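Per-chain residue numbering starts at 1, and chain names A, B and C are given in the order in which the chains are listed.
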Amino acid sequence: MEEGFLKEQQIMENDLNSDTSHKSSVDFLMNWFRKRSIFVLAYGTGCGAIEMPPTFTSRYDAERLGIRGAATPRQADVIIVSGYCSYKTLRRIIRTYEQMANPKYVLALGSCTVNGGMYWDSYNTIKKLEDYMPVDMYVNGCMPRPESILEGFIELQKEIAEGKASSWQKYEENYEFYRKNQEAVLGKTVAPAYDADWYLYDGGL
Amino acid sequence: MFKEIKNRFATDEIEVKRPDLAKINVTRFKIFELISFLTEQYDYKTLNAITCTDWIEEEHFALTYMLTTVDRKHTFMIQTMILRDNAHMESLTHAFKQAEIMERDLHEMYGIDFPGNDNLVELSLENWIHTPPLRREFDTLEFVNSHLTFREGRDDNVDVKVEMKRLRALKKAEKEAKAKEMKAKAAKSDKKEKIVKKENEDGK
Amino acid sequence: MIVFDLLGMFLSAYMVGFLYYGLYRNITARFQRRIGPTVLQSFYDSIKFFSKEESISHGWMFYLGPVIMATGAVMTLFFIPFFYKSESFSGLSQYGNLFVVLYLMMLGPLGNAMGVGVTGNPFAAMGITRGLTRLFAMELPFYIAVIALMSINHSADIATIAANQPTMNAIEYPLLFIAAMFSFVAMMGQSPFDVVGAPVEVYSGPAAEFSGKFLALLMSQSSIMSFAKLVLMVNLFIGGAEGFLELLGKTFVLFLFVIAFGAMYGRFKTPQSVDFLVKVPTAIAVVGLVLATLGGQ
């Protein structure tokens, strides 16, 4: 693999993951269980969400790898950022990501998360997702087909088993860096208000 | 009908763009009168859209209201000019309910104020403090380059056109070298044949 | 010793319940022309949830909710005898009869309601109100069928009812069996009566705010409760069991029928399901009750 598509994937993955795990046998066992059952939050962020239903249903069955959908961020392990993130979406994604329980992983689909993709000259989307959220695995394409997404999940399982997928630790350790970037783009109030008043009193949905 | 409209309201000729589309230019003070005239007398009861074009060289916005008949057979485009600084226009929500969301869109993207419309919140740009983005003085590329950062390129990054030229030249040189070799071989074997033939003849 | 008895019942219910849930996902997948996960998938899920590092909590009542649910499930299991003829695996059934079991089955949803109400999540509250409404409707046919059985056998003891069956109560009193099966499908949380935990509508209703270890506890108690209900139905209607293999076989056949039913149907709305359950199965149960008591005398 000296040139082309696969080499680019390798180069990108090399600066993503840091080996910050402890290598004891209990950790090995726990990682083995974690890679066998992955709950993916059912949240379609951008136009890449069109490729998620085929991956999780009958034809390209993702359930044989132990992957199933979860309804709330409290029950989910993986959040899939599928496509471009406008400022409005980025606020909600950050709020959702912070609600998930550790250990949690981020899978970034598409070329818009890598370098802006098709919307590289748009005033309302962000160009490099890594400045705002830690990413575990990129899946290239616009949009990646279900076979590519499944390969992305298998690579993520390998990384979990080796203990290298530690993006939640990166987020906690470098929180000031991420927060500074988020505030530069989104203003001081990074996330919308966290109460149920909009549902109960302001007239509902 | 066109003659009556022209005489009462229009500032110049009514331009017929297609069999089902005609354009009228009016001043901003007569536009509501014209709209109610068309709605009541001639059955143009549907407001299709309110759009805006930015004429930055002549320093005005061109607002267009599109009215369609009930059986969708004919549409009028009614166009006015309003000044660019402190742009405002009276709201049409009292006559058409859908004008509320159209004016919201124009307020968000061009910065035009519509007094009378009490729901002018933004649709998709939250907490936007820079110039309204669809005005022509807003340079998208400059905004992106100053506010957002891209990923740095790889260190073996090459320009595609230059690289393709180089590869093509390489291939061509290879091909020529091969052809030359084949030719030399052929000439050699030819020469050999000639010598053998001569020897046979001499032998005979 | 009764402690080993109870421990045996608890462990077998835990293992068999999780295996049945793995089989449920596999069989539903085969209905949908795909291969599902492995049979041990529920074990992996619950161990993964136990190993989640932080779980968000909303106060002491939030802890008590799943604990009350688990208590209800385990106590229900202990009062149902597995084998009606033998002394082993009969748990505490000589100290309590069918009335106690029916009462303890209600403890779970109420504990859930209390635990969920303290979070303040409007979707969880919506799920809980739907659950309690559906509970009121689905109990009606089941109670009428059980009361019919109790009056035929002149006793409220599960072992006696199971022993008095000539062949099977399902064949002797078919109307009661049909009415009880409608309720049973709802009790196992299958379509068309599974509006409570709808994942996309109410963000999984009562389980909306639970994360990590709480969710593992919820999943465990759900599988134990399912097994307890299956054993109860086998004892009441399908002739009881005399060995572990026979018990497993009969519960598996019943479970398969319920899954197949659920895989075919869509989901009713709450007023639709309440409407249906109060009218049709209740009528069948009442007719069955009348026939059974008149015929018996």
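Annotations
By definition in this document, contacts are C-beta pairs under 8 Å (C-beta built on N, C-alpha and C of every residue); 3 or more make two chains touch, one makes a residue touch a chain.
Bear in mind that the values here come from a model prediction, so they are computed numbers and not experimental data.
Using mean Cα coordinates as chain centres, the one most removed from chain B is C.
Every chain gets a centre from its CA atoms, and the centre nearest the mean of all protein CA atoms is that of A. We define each chain's centre as the mean of its Cα atoms; on that basis chain A and chain C are separated by 37 Å. With centres defined as mean CA coordinates, chain B is found 33 Å away from chain A. Chain centres here are Cα averages; for chain B and chain C they lie 61 Å apart. In chain C, no position touches at least two other chains. Those residues of chain A whose C-beta lies close enough to touch chain C in the complex are 30, 33-34, 36-37, 42, 57-59, 61, 63-66, 68-69, 71-72, 74-75, 77, 101-103, 196, 199-200. Of all the residues in chain B, the ones that touch chain A in their complex are 124-127, 129, 133, 138, 140-141, 143-144, 147-151, 154. Interface residues of chain A, counted against chain B in their complex, comprise 8, 11, 86-88, 91, 114-116, 120-124, 126-128, 130-131, 184-187, 189.
For chain C in complex with chain A, the residues that touch the partner chain are 25, 29, 32-38, 41, 44-45, 47-48, 51-56, 120-122, 199-200, 203-204, 207-212, 215.
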